[in-house]
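In what follows, structures are represented as structure tokens.
In the two complexes that follow, subunit A is the common piece, with subunit B as its partner first and subunit C second.
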Partner chain A sequence: MGQFTQFAINGLMSGAIYALIAVGIVSVYKATKVVNFAHGYLIMFGAYFYFTFSVIVPGQSWAPDWLASWQPAWLLEMREGLPMFSPMGAVLDWVQNVPRILLGIAGALVCNAIVGRIIERTLMRPLMGQSIFAMIMVTVGLISIMSGAASIIWTADADFVPHIAPNAPIRFELFGTMIFLFGADLVNMIVALLIFAGIVLMVRYTKSGVAIRATAEDQSTAYSMGISVPKVFSRAWVLASTTGAIAGAILATRNGISPSLGLFGFSVLAIVLMGGLDSYIGVFLAAMAVGVMEALTQWRMGGDWAEIVPYVAVLLILLIRPHGLFGSKEVERI
Partner chain B sequence: MINGNLKASYAADERVLNNTYKQTFVYGMMLALALFAGFANDYMILIACKMGILLIAVVGVNILTGYTGLVSLGHGAFVAIGAYSVTMLENGLTGIVPESLTIFVVLPLAVAITAVVGVFVGLPSLRVKGLYLAVATLAANFIVIFLIEQDAFAPWTGGVVGINTHDANILGWVLDTNREMFVLIAVVAFVSLLAAQNLIRTRVGRAFIAIRDRDYSAEILGISLLRYKLTSFALSAAYCGLAGAMFAYFYSRILPEQFELDLSLELVAALIVGGMGRTMGPVFGVMIIVMMPEVIKVFAAYFTGGDAASARYIAPLQEIAFGLLLVFFLLKEPLGINHITDRILRAANRWPFARG
Partner chain C sequence: MLTIENIEVTYHHTVQALRGLSLEVPDGKIVTLLGTNGAGKTTTLKAASNLLALENGQIGEGRISFKGQSILSIQPDRLVQMGLFHVREGRRIFTEMSVEDNLVAASYALDARRAKPDYDKVYDFFPRLKERRKQIAGYLSGGEQQMLAFGRAMIARPELILMDEPSLGLAPKIVEEIFQTIRRLNSEDGVSILLVEQNAGVAFSVADYGYIMESGQIVMEGDVAKLKQDKDIQSFYLGVGGGEGAERQSFRDVKHYKRRKRWLS
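== the complex of A and B ==
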């Protein structure tokens, strides 16, 4: 057991982030029937925007000092006499970063929403009603455009980005083994799960969620029932790009910022197909399963084998269940 | 102007090049290529070699995507398998087969290996289509490259750092310059293009087209989906394996990263830009896709005066241009350049009457 529990928990934590990324792909697919191959690159943009607003902007000479490092009197007072590397110290370090973290997340959300909106208006809307192949390939073209644009815009060497939660180490005992976690990872997981749950509830119960589901069911009927289908499209894209921004911020703190963040999109795409393109539950389970499998592979076979786990898994699942674990079967008529 | 393409017999109708325009065009191109091999400068030869290698692979993708209607984002893996099989076989057969004959053993074997792998990668195509197949092939591409990079296979594949390749040796003629390689690549590319043109007029090719138009209807007509979808995968993989073999002979070293997703996307992009399901589509597409980065490089050097600080913008600009090209063609000219040339030729044929 020992190590197993530790690795399984690590797996669940990365699975939650996979789920957060996957929710963007599923939402866009449900509303517009487009599978976004470039979602990973939206996440990369989110990560870079977070970096811009939490590191570059506070570092400018015109930015107020409290933005880069907030040090009110009570904080300094509390820091006095704290031992090195204490959990309290980690929390206080985080408090000092709160302004720039908030600015970073807000900036990433707004900018990514704008990017998503632009993509929807210029590339996706003209493709309404085109073949699946054309839509896939447009998002493939988008991959090149976005990765090229990112390397032109962000020339600075990627730097350390602040964690979005206090990164205190946590130790506790579970099933007789010591489990060691970082606070930030735990908070990341909770944030990811809350957002995922929020979106599922939104799609189920709110008016705009019902509009998304109606559009997914039948576009022209939804249109004639008074639902503005283009508005549903742009909402879905904004939803995807904002969740992508948060996922990007989280991934930036976990893995650092690099253009290879975009490749995450492909493994998450594999996860989405495993779970079934239009099923939030299936995608959630698949994300968690792949997260755990990756962690266990890492434990048993070494780190680099972990990266092909989603691809092997999707190939096997597609051979057994062509529409994923919980995906609804497409009915074809001749 | 309008003049008839009259055919007096079925045999004339069934020929590969079924009218005089096509025949003239093919012989003209042969002559042009021969002149090109003799007179072009080294830079043009280099570009033409790149085009030729890519062209063979794109013709393969055209058979699968253009004619059979199965989307693949994993053909880079087949090129990799072709390139690596040639190199590994050449290494393995040194001393067993005389050097001047190795290519005649190695090339067919490498193509056959790639075709077999193609059948395995094609297995999901029997159950899934469209997007699901695209992701399945993409997954296969990641897995193949990952396996090549593994340390366990490094004694044979060279691992992440790549492996040195051999020069082609045809009956003692060692093709160690680009110009000599161009002759081989041009001949192979020309023959494979003609073979593809021939394929679509045969029973197999017509079965592919029927599957593309509606696979269930094709099945009802008595076309075995199992057999023809896998044949299509095998054929297109074989073409890509051939392209990979040329790749290995042309470059002095191959690296696994050259065959990653970027190559697969480039192949599909070239096909879309050129025109899917048309013989000349891959030719136009490959020309644009290979020329575009070169043109950008030349323009950038012209506008910035070759200053080193701006050189780092060239690669991202090429990437953006590639994406824009793909998006532009999908949105504005989904049938590709071939459709533009079709319109021009039709207008010329009908002149001075109807135009367009």
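== the complex of A and C ==
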């Protein structure tokens, strides 16, 4: 039981990241009916932008010193005499990094939003009115363009990027066992969940949400209601690329940076299919389920199996429910 | 209010749907456009609300102007905000959204005008929608869906409504109710209406002026009072037969002989 809780919690933490990635795929699908195969590569761009603004830029000679490592007097004072690896030390390490973390996140958000907008304006919008399939194939083509572009632009060796939150180890007791977590993982999970919840509430309860749902259901009628459909499209892409930027920054701190980060998008695509392409709730549950399954197989059967077992489960679920767990069939009047 | 001059529309660069169609909707009038299936009525409305691009249709020649302004380069959402609302064929309500959200969606039309949507007015017109406002719109009855489609139009406070077969698939009693609403919108709010119908009888009961179209062209037009008297229209659209004592006509004769003689020669 003890180990089980620990691994289940680890699973929930990676599940939350999956959910954060999935939210981008679902948002674009809901608004435009396009399954974005290149979403993983948007995330990779986000990760690289985070790396650029939190590591490369502060390391330049023209950048002020406080950007790379912020060391006000009170901080140095507090550091005096702290033992190595103490939780307080980890927090203080983080405080030093705060300026470049903030710059990194802001840079990643802005740059990724621009990338998302460019993709929508130059590749997707001209195809409006054509078959959806054409747009989907464009996203497939984007995969090669984006992974190629990344290896041309970012030739520098990938380095460690700063964690978004203090990475202090946390120990606490739950159900009679000691649980051990890293602070950064916990904060990542909370951030991912908050963003996810924010988007779901926005879609369900605000007027912009009405526009998104109306567009999702019937583009041309939404248009004839006065809803600017192209605007909804580009907002969906910007939403996907900005949530992708956060996800990319988080993944960069967890798994390091490389062009193969983009592949992550595909495993999340499987999760999205399992949850039902157009259901935030379904996708959330699927992401959590796959996260936990991965962690549990890793615990019971070893790391090699962890990549297989959850996706076999996805396949099985799709065999039984082709629309996914909560994917909608159309409402039919009886 | 709306002037269509000599437009030609092709779909996918190959199928010609309209060939030189012209019509006019004067301020505050109800104009009806009648025609058989495939005559191009819906295409005409889509051309006027600029929705053709979404279906790969192009307006080749001709002019369309709304309130004196050419609409050809104005996006559909902008047109709605200027006061042209298109109630589409088959109602096209958002079936997965609640009744209320359907109305909220229509309030986007008011954004540019900084006006507040008047939901109470819609609920006043259609008390049944008020009872059901939290329900998923897809589960409303056909008549209620048509009311919702009208309600959306009312929220947008248009000056011109393009209405595509509001009687489609509805029971006669509901049709009567719907047409009363059309009359009310016109007389109380002064909304001009372009009404596309297959049911000429009800269309003539509200309209001031009528156009008859066939294969993408207008073949006849006139005041409704005059059109009602026309023999061909009586037999083709109003279902008035030869009357007492007259010999029964074969439908084939009517179709092939009379129509060719009057309209296509």
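What we mean here is this: the second predicted complex is superposed on the first by the 325 of 334 C-alpha atoms of A that agree within 3 Å, B and C clash if a C-alpha of one lies under 4 Å from a C-alpha of the other, contacts with A are read in each partner's own complex, and residues count from 1 in each chain.
Here is the rule we use: a contact is a pair of C-beta atoms (placed from the backbone, for glycine too) under 8 Å apart; a residue touches a chain by one contact, two chains touch by 3 or more.
What you see is a predicted model; the values in this text were computed from it and never measured.
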- Message: Just checking: does A:Met128 make contact with subunit B only, subunit C only, both, or neither of them? Give me first, second, both or neither.
- Response: second
- Item | First, second, both or neither for A:Met189, with subunit B first and subunit C second | neither
- Touching A:Ile9 in the superposition: subunit B (first), subunit C (second), both, neither? neither
- Message: With both complexes overlaid on chain A, does A:Val138 touch subunit B (first), subunit C (second), both or neither?
- Response: first
- First (subunit B), second (subunit C), both or neither touched by A:Glu307: first
- Query: Of subunit B and subunit C, which one touches more residues of subunit A?
  - Reply: B
- Message: According to the stated criteria, A:Pro322 is in contact with first (subunit B), second (subunit C), both, or neither; which is it?
- Response: first
- Touching A:Met293, do we find subunit B (first), subunit C (second), both, or neither? neither
- Between subunit B (first) and subunit C (second), which does A:Asp218 come into contact with in this model arrangement: first, second, both, or neither? second
- Query: Where on subunit A do subunit B and subunit C both make contact?
  - Reply: 130, 332, 334
- Task: Within their complex, state which residues of subunit B touch subunit A.
- Result: 71, 73, 123-124, 127-128, 130-132, 134-136, 138-140, 142-143, 146, 214, 216-217, 220, 261, 265, 268-269, 272, 312-313, 315-320, 322-327, 330-331, 334
- Hey, which residues of subunit A end up touching subunit B in the complex? 35, 123, 126-127, 130, 132-134, 136-138, 140-149, 151-152, 155, 266, 269-270, 273, 277, 304, 307-308, 310-312, 314-315, 318-319, 322-323, 332, 334
- Touching residues (chain side subunit C, partner subunit A) in the complex: 49, 51, 53-56, 75-77, 80-81, 85-86, 88, 92, 94-97, 101, 104-111, 136, 138-142, 152, 156
- subunit A to subunit C touching residues, read off their complex: 128-130, 207, 210-211, 213-214, 217-230, 328, 330-334
